[in-house]
Each structure stands twice: as structure tokens, then as C-alpha cells.
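Chain lettering (A, B, C and D) follows the sequence in which the chains are written, and residue indices restart at 1 in each chain.
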Amino acid sequence: MLQNLVLIVVIVLAVFILMRLTAGDPARMSTPVFASDEILQTYREQFGTDKPLTAQLWDFVSGLPKGDFGTSFRYQEPVFSLIWQRVPETLLLAFTALVLALVFALIVGIAGARWPGSWIDRFGIAASTFGQSAPTFWIGLMLVLIFSVNLGWFPAVGFTGWKSLVLPAIAVALAVMPADLRVIRASMMDALNQDYIRTARAFGVSEARITLFYALRNAALPLVTVVGIDLGYLLGGTIVTEVVFNYPGVGQLAIDSVNARDYPVIQAITILTAMVFVFVNLVIDLLYMALDPRIRIEA
Amino acid sequence: MASTALPLTGDPGASPAMEDAPQELSWWRDFLGRNGARTFLIGLFLFTLIAGAALAAPLITEHDPSRNNITARLRPPFWNKDGGGSTEFVLGTDGLGRDMLSRMLFGMRVSLVLAVAGLLLSMALGVTIGLISGLVGGRIDMILMRLVDLQLAFPYIVLAMAIVAATKTSIGILIILLGLAGWVYFARVVRGVVLQEMQKDYVKAAQVLGASRWRIGLRYVLPNVMPAIAIIATLQLPGLIIFEATLSFLGLGIQPPTPSLGGMMLDGSQYIASAWWVITLPGLAILLVTMSLNIMSDGLRQLLDPRLQTV
Amino acid sequence: MVSSLPTDRAPALSVRNLTTVFQTREGVVRAVDNLSFDVYPGECVGIVGESGSGKSVASLSIMGLIGYPGRVDQGQVEFGGRDLLLLNDKQMRSIRGTQIGIIFQDPLTALNPLFTVGRQMTDVVRAHRKVSKSDAAALAVEKLRLVGVSAPESRLSAYPWELSGGLRQRVAIAMALLLDPQLIIADEPTTALDVSIQAQIIELLRSLKDQLNFSLIFVSHDLGVIRSIADRVIVMYAGHTLETSQVDALFQQPNHPYTAALLGSAPTLASDPNQPLPAIEGRLPSLNNVPKGCVFAPRCHFSTERCVSERPLLQTAGQDGRQVACFYPLGAPVNEGVGR
Amino acid sequence: MTAVAPVVAMENVVKEYAVRGQGGKGTLRALDGIDLQVARGEIVGVVGESGCGKSTLAKLVVRMESPSSGRVLIEGQDAAALSKDEIRTFPRKVQLVFQDPYGALAPRMTVGGAIEDPLRIHGIGDSASRKAKVSELLTLVGLGDRLASRYPHQLSGGQRQRVNIARALALEPEILVLDEPVSSLDVSVQAQVLNLLRSLQQQLGLTYLFISHDLRVVRYLCQKIAVMYLGNVVEYGTAETVFSRPRHPYTLALLNSIPDHQVSMRDQRSVLLRGEVPSPIERPSGCPFHTRCPMAREICSESRPMLREIAPGQWAACHFSEDVPALGDQERMSAKAP
């Protein structure tokens, strides 16, 4: 827990300093190229970037406990509500993609471990090699080309209902699925090779029960871990996919903010992401404990 | 001792063939007979083909990849004769009438050079950090691994975008970005293997023989880390190619007029309804090269994983 | 103990010409080659051999537990009037655990670490009988008590790794006994244990066998362990049966040079510390390259050209169903220095 | 215990490890005050069941671990108080052979490389003389020097253990600690390695500390025996006396537990030890063995018996050593067994 807190503090500082040191002057981005120094100065005062770095940092940090992430330079709105408006869409996309990827990976991975070399196993390996090899944005573009432009089944851009979710979710799922599938298949194979599986077999426990109950229970541990790792792919994939589909989520906002040097928004997004990461990892630790009694003892 | 279900574990060295036959002569046949050897060779062959074509781009195509030709805009590939395709522009032209094939070849060249440079950087960084972390342990290990977690904590692409947007894109910056993208995987895996190996008796034996920590690390442990490094490298390279393309697609990578695969697709996305090939073909090119690397990596993993070699 | 072959009864298990092969990179190897033996009711047959002798593969083959890349190539395993090798998966499953029980070498890996002892035992009961969970648990408690586990009720909620090695193996034995099988196969059941615990487990198996009258196949690499429990012994080497005999006859007067040499090379408390051990020179053959003639010929002191070129078959030698696969079987007792 | 100045001496050695386990932190006492002396040229066997501390003892002698208290003296020098130079040359005095011959060899190092490396570490000889030494060592352990270019996975178990022995001998140590060196080998191969160890000891005048769980092997190879139980030496003496007339009930029980292939089942009536070894984290009070001892009386749970000389050349840590029945005369003892 303490480690996680330290982690978040380090992220806050790193993001803050990195933004201030490397990024250009946000005032210049918001004003015409030929703006005078006075105009630039007013903008800087308005943004708060005229103050020394330490003061800016203090302003920023002191607002955090109140949930105040500052005000967007570009929209002149509280950053938190700006992000919050877009969270549901992004969550929806990420969650749908994760479920799609997991369901596919579970079915194909278990079948592949049970019957290695079978058609379903080979299909799974091919699909995951494809997902690993193709850039997510290109998969998005191809989906648009086929299903929107040529077939007209789904809308190409924006968010107008569940149909807008289908193509982006598939694109993100394809980015996440390969890692899941590999881990599930490998850990299932490993579990099926354990002595206690042979024991269960030797005592006449049915194959279905052995696979779905004995082995899967043991394979569930690495699976939980992989979901944690998925998070990175998931968020990365979501950002790119949102751009391709012009999907109104947090990823879009992040890219727009990068281009506009809208520090407070970028800061807030990275910090919130880190918090989500920490939270998910906490859940994973708890899940581990629930799944493996050996860990319960050690904790 | 007790035997296991597999009868072959008993005494692997005992066959007279092993004792007397000159092993060097048959190593190639032996190699081909191993799990994953064929897969690896197929991947290697494909990759060499593509990389060779990209590196020899000026010899293959006569078109200047950057020369606009307004009279020959959006020509389809040669097989679409009705749409105006011809063998002059084998794979058609883009929105500015530039030859797709030569742009793809030159773009691939840039991609590969960048990705390989990034890979070498991340390998050097990651292996060093992983080794230090695993060998030294303690506080230093904890700090380094926190650093790894930190990088994994948020999508790297946001950070990369911020840096690129702030510092003006240059080849150097891009290589550094790519290098920083991959080191965590090397560091993690190398550290893991080192820690695992350090538990083994041969390391303890070396300690008892008086070997220093660094001697043990470099002479005894490092050779066992090599397979893992090779596998990660073949896995990371396609990842870096895709990452570079993604940055270029977002307009943050290689800047025009230098051709890049990601940039081609960014340009092409405005013609998605009229000229499918402008976005499709560069993606396919990436797919081919990354797929060949992933196949290679698969084969390598089977080749180098001793557990898979029993059958 | 049974000292002569109980031929008046039908065998509980009859194995004929069992051959199990494994597919390897170098080709097909025969892990068990033409194994035949009978187990009579209430009898303990010991299978003894070193690594790669095929003793464990044989026991797994009987249970139909050989998986890819191995398979049973030929033979019959007659049990309860049926050939087990001809049964389909479902029929075989109904026999495992109910009519044949098995005990594995390492109870730590043989028991599922994520399930409690009770869960694993009741699972076995409920795989074969339509009983309630509490009835199944009651049966588990009964068998745990039978094998001398103290406070059996409370052990049901323990995980295998929470138990000591000896207790774990007792749980594994209780599991094998759950549904009162006629035959129990024990594959190196004491190898992972300390000597004092090993003695307890052997004593336990002996008394259970006398009490419940099941047949026992006991696989071990340890000659002393085999002598302390088996009625009859099969000596295996590189997949082949070299000798079978009543237990005392085998140890007092081994007929096969390998048996004799093995007995000689294993130190006992009575071995003379001032004499070098009569070791068997050379090493175990790889199954990829089993000698063409007698499998032991390359290491045998008595081998002749015939031994190298021709494989001796298992032939009856003496009384009590004693068999030996050797052209020049030994006659003198081991104590008079047959090893070399 | 020995008149000659010992090459290895342990003086009241205690080794504790902090452990985290069920119910929080605790202290695992692996060695509980060991006194042991090994004279030059002796083969001393240390036997006991798993968890008795015999492997920890081996680690202390080769300086892989240092004692929590007490002293380990190698040739009279405290192993924990060596100068930098002495630490560097220490491996040339004491070497270790591991149980698992495969795990003890680096998988990607040739046999020759593995044997040569200690010579390089200690800067012994030039490249040519080291190569000569390697082939000499390989011959010494009964392997041909063409094996030098092989990798461990190409060797059989017996060959691997011979390589390990050759490597341990490369630095020409006087003391060889052998930690279960034959217990992972097949019976027929085990005999070969035992014979090799014996002839090496005689040829080179080595001192062996031979750790094993197998009393039969120890009986065959060793001149002196230390029987360990729960971190204590409970009996010590010449192999002959200890095995023919044990003076500690644990030794007697161990001897009785060994299944002997020369004794018919009908004649094997072992006195079984009750229960299992207690946890070294929660050690019993008094005599560590009293929880399982068929002879235990009240005093055994109260006061801990010290190692005392029962007969010439034989020490035992038991209040009732004199009452321990002779081998084969166990009626008195088993009568008390439950």
C-alpha cells in the first residue's frame, strides 16, 4: 500500500516536471503567432504559468486532495469534470474490449491446451499472431473500410449508440487478446501436466471436471496477472482507437491536450490512469488471495 | 532414483551414438529435427526477404518516393485495369500521385532502421538494469523495479506523444523514445531469469569455488539469460515497428516528406471511401514484417525452451 | 505370508505382453517391453528397477494413464473379467478409484494445492457414487481414521501443504482406499519420505493389506523396501523383465546376474566397509539404444557372444513360478559372492 | 573428542534463521549448539532425517553461511574472522560436492570449462598447464579427457557427479564436504561413486565430512558417525560402535527403520518411531527427541541431556543411554511403544 502511494507521488512529480521542462509555452499555443508580449503575459497569468515552478507545483498538489486537478488552459473548465464527462464512453469501450478478448482467449486457450494442434488451437495461434502483428489503428481503419464504407453496417465515426461501440471494441480487443490467449494456453497446459491432474484422472474424475475445475482453477492465477498487464495495452489501444474512430473518450481528449500543451489535462489523465492501475493491482492482489490459499497464509 | 512417467529422463547421455559419432557433422539435421526450427527458419526467411527488399529499395524501384505527380493521383494497383491501374505504378499512387511501392519500400527502410536502433538501445538498457537488479538485489533492486512498474503504470504512448510534441520530432528523439519503450520488458525478464538462476546449485558451487559476484553474473548466469534476451528481442522488434508506425500515424513520428508507413496511412485515411489501397497496403506491409518476426519469435521460443524439447 | 503361488485362485489382475512405447525425436522407444505377470487376491507384487527400467510406466499403463507422446502398443490387462486396454474412456474411468486405487510417489505434488483434503476426497466419492456431500465427507473421515490420521474431521479442511510429509502420504493412501478397491498400485510411495516415516508407511500398508485383503502392486527402486513388503518380485531393467520370483528366494538366491549384481552393489548395514562395493560397471542403457541381445549384456560379467547377439526369453526356472531371462542363470546364493 | 588437532572443529555452533510463516514471524533454529571435531584424514559421516540441520552444517563449514553464535574452526582458524586474503584462499582448503549433480553444473559451460574455472579464479597456472590439470583430474575421477568438451546435459548422472568431484578437487583442498553426493544416483551407479570417493580419499589423504540420510551408505564409507536430530548431535562415535551398539534411542530407531534387503520380511520387526519430527520453529523443551521417544520419562521433557561419553569413543545425548537396549533385543523398548 505504501509502495503504491509512493508510486503515485513519483508519477505526479515526474509528470509535472516533465511537462514543464519539455513542453513549449502553452500561452503561445493559445495565442496567434504574432501576439505581443503583453497578451502572452495575460494568458500566462490566467494559466498560472507566470509563477515560479515551485508555486505552480504547490497549487497543483494542494488541490489534489479536494479532487481539484486544476483548470484546463484550453477550455477554461475544471479538468476533473472535463475528464469525467468522457470517462463513461472510454470505460464502456475498454470494458467491452476486455470482455471480448477474455471470452475469446478463454474458450480458444482452454481448447488449445486441451487439444494442442487441433484446428481450434491453430486458429487461436493464427488469430493471436495477427492481433500481435497488426497495428491497432490499422485494424481500426480496415474495420471501417470493410464494415462501414463497403458494407455500411456500422457507423465509421463518433458515438451514436451501441453500434458505434462494435468496431472500436473489436479493434481494442484484438490488441489485448494475444497476450491473454498465450498466457491462458500456456498456464492451462502447465496445469494439465501437473501430478495432481494425473491423480484426479487416476481416481476417475471426469475429463470435463478436470479441465474446467481442477486445471482452470490453477490456471486462473496467471490469468489474473495478465489482466493486470492488459491494462497498459487496453488504455494504449483505447487512445489510438478513439482517434481512428473519432470516439469521444478520454483518449481523444489526451491527444488533443498534448497538441494544445494543455498541461493540467495531461497531468490529470496520467495521474488518474496511475490510480486506476494501482487500484486494479490491488484488486488483483485480493483476487490472488481468494484464489490461492497459500498466499493467504503468507500475507 | 525413482523414475518418472517419461522413460527418457533416466540416462540421456548413455547412448553409444552420443559417445562416438562426430556430432559436428549432423548438427544441421539435428537442428532441423528440433521443435520450432522450421518455424524459426520460415520466419527468418520471410523477414530477410522483406528487410532485404527495403534495404535495396533504390535498386528495386525507379520512382522517387517523394516526387508528386498531380496527373497520376490515386491510381489503383495494376490489376485494376478499369480503374486506371497500370504496371507503371505497380501498387498504385497516393493522393499526391506518388508511387505507393517505392514509398512503402523507403518507408519500411526507415521503420526498420529506427526499430532496430531502438531495440538495441532498449536491449542495452534493459539487460544492464535487469542484471544489476538481479545480481545486486536489495534496495537498488527495489528502486529499479519500481521504475519498471512506473513505466508500466500508464500508457507509454501518452508520455511519448507529450515528449514528441514538445521537443520537435527528430530521428534521435524517436530512437530514444523507442529505446525507452522496450527496456522494461528486457529488464523484467532478465532480472527474473537471473534471480531464478541464482537459486541454483551451480551458482552456489561457484561461490564455494571462490568466484566473485560479477564473475558469477557474467560467466555463469549471463549465458543462461541469452535465450530469454533473444526471445524478447524478436518479440520487441515488431512491437517497436508498430509503435513507430502509430506515432507517425498520429502525426508525431517521421515528418513529411520522408516517407513512413504510418504517415502514409495518416494521409490515406482521408481517401478511405475512394482509394482503399492507400491505407490498406502500408498496413499490410507492416503486417508482413511483424508477422514474420512473430513467427520467428515463436520458433525461437520453442527452440530455446528446454521443457518443449523432451518430445 | 504367502510363500507359494496361490494357483488355486484366479488372479485379480493378469498382465500379458504389455508393451508401452514413447514417441521421441530419435524414434519410437519401448519403455515397457513385453511385460507379463499376475497378481493374486491379497498378494503384493513388487516391481523393482532403476531409472528407465519401466517400472512406473508399467503401473501407469495398467491404469490407462499413459498420455501423449506415449501409448500402450500391445498386450492385455485382464481385470475383473475384462481387458482394461479395450475399455473406452468412460468405462475405464468407472474402474479408476473404485476397483483400482493408486498411490503416487510425492504426495505434495500428487494432491491439488488449491483444494482442501476433504474437497479432494469427497470429489472422488461423488465422481462414482450419487451421495450427498456430508455422506462423502463421512466416508472420507472413516478412511482417514483407518490409515491412522488423528482428528480426521479437522483434517478435512486442511490443505495438503499444511500437512507433514507422512500425514500427506497417509491422506493419499486413504484416498486410494476410499471406495474399497480390490487392487492398489503404489508407485514409489515411500521414496519422498524419511526413513522413520517410510517404516511407518510400509507397516501401515502391510497391515491394511492383511486387514482388507486387497492386492497390491508396489513399485520401488529400493531393494530393502521391496523385500520388506512384497510377496513376489519382478526385476525390471531397460523396459525388460529379467527375473520374477518369490521374494525370499530372489534375495537369497538371485538367478539373474543383474539381480545378483544389484544386490551386491547396494550397501547394507552388514556390508564390509573394508571391501570395495561390487559395483556394476558402465551405465544404464538409454532407451533410444537398447542392446540388441540381452539388455544387461554390456555390463554383465558372464556375458558371452550369444548374450550380445540373441535376446534371452523369460523362462521358468525352478519352482514357485520362478522365471529368469538369462542363458546362464546363476545358482549359488548371493552371500557367497556371486556379484563378481 | 580427538587427540590430534582437528582440521574442522565446531564449538557450540548455533544457526538461526528468521522465518515468516503461519502465525507471523518466528525463529527457526537449524543448529542448536553443535560440537564436532574432524581429524585430518578422517571420514566423518553426518546422518539424520530431513530438517535435522545436516545441510546447514555443511554450509557453515564451507562458509556459505556463518553461525549465529559459536565458532567454526578450519585448521584452527575461525572461519568467521578471516582476513581478506584468507577469505580469498579459503576455497583452496575446503570444497563442497552437491547432491544434485546436474544442478551443480552450469548448463552452458563445458565440463572442461567447469573444472578449469576454479583454477582461473585463483590464478593457478597458465592456459596450457590448466588444460593438462583438467585432463589429469578427469582421469583421476575415472572419466576420459575427451569428455572435456561435453556439456552437462550430454552426460549420465554418474558422470556428472564425477565431474563435480573433479571440479571440487581442482583446487587441491584438504577437506571435502559431501552433501548427499550419491542420493540422487541409481543403485548401480551409486556404488561406483562410493568406490571412487573411497579410493580418492585414500590416494589423496583427504578429510571428508559426508552428509547423508542413508545409514547404509554412511556405514559403508565412514569411520566416524554423528547422528543428528532437530539441530543437535545426539550420538557420536566410531561407525562400528554406533552401528553395533547404539546408545541413543533415536539411533536405534533409525537403524531399525532401514528396510534391509538381506533380512526377510518375517524377521523385520521394526520399532516404529511415533509421529514426525517437530518443527524447528517450536522446539520441544528438554530433550528434543522426547516427543517421539519410546523411553521418555518425565525428566526428558524438563532437562536437556548433554553429549557425554558412554563408552570409549562413543558419546550420546540421552539421560538413559545405559538403558538403551542392544540391537535385536528390542522387546524392552517396544513394550513401551504405543
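Please note the rule applied: a residue touches a chain if its C-beta (ideal position, glycine included) is under 8 Å from a C-beta of that chain, and two chains touch if they have at least 3 such contacts.
Keep in mind that what you see is a predicted model, and the values were worked out from it rather than measured.
Engineer: From subunit B, what is the lowest number of touch steps before subunit D is reached?
Structural biologist: Tracing touching chains, the least step count from subunit B to subunit D comes to 1.
Engineer: Check A-C against C-D and say which one is joined by more contacting C-beta pairs.
Structural biologist: C-D
Engineer: Just how far, in Å, is the C-alpha centre of subunit C from the one of subunit B?
Structural biologist: 51
Engineer: Averaged over CA atoms, how far is the centre of subunit A from the centre of subunit D? Could you give it in whole Å?
Structural biologist: The computed centroid separation for subunit A versus subunit D comes out at 55 Å.
Engineer: Report the inter-chain centroid distance for subunit C and subunit D in whole angstrom, where each centroid is the mean of the CA atoms.
Structural biologist: 31
Engineer: Check each residue of subunit D and list the ones that touch at least two other chains.
Structural biologist: Those would be 156-157, 159, 186.
Engineer: Give me the residues of subunit C that touch two or more other chains.
Structural biologist: If we look for residues of subunit C contacting two or more partner chains, we find 50-51, 221, 283-284.
Engineer: Tell me, which residues of subunit A touch at least two other chains?
Structural biologist: 198
Engineer: Name, in rising order, each residue of subunit C that touches subunit D in their complex.
Structural biologist: 1, 50-51, 164-167, 194-200, 202-203, 221-229, 247-248, 251, 261-263, 265-271, 273, 276-281, 283-284, 299
Engineer: In the complex formed with subunit D, which residues of subunit B make contact?
Structural biologist: Of all residues in subunit B, those touching subunit D are 1, 10-14, 18, 200-202, 204-212, 215, 219-220, 223-224.
Engineer: Mind listing the subunit D positions that touch subunit B in their complex?
Structural biologist: Listed in rising order, the residues of subunit D that touch subunit B are 62-64, 88, 90-92, 95-96, 98-100, 103-109, 117-118, 121-122, 150, 153-157, 159, 164, 167, 171, 183-186.
Engineer: So in the complex, which bits of subunit A are touching subunit C?
Structural biologist: 194-196, 198-207, 209, 214, 217-218, 291-294
Engineer: Across the complex, what residues on subunit D touch subunit C?
Structural biologist: Listed in rising order, the residues are 49-50, 156-159, 186-192, 194-195, 198-199, 213, 215-217, 219-221, 239, 243, 253-266, 268, 270, 272-273, 276-277.
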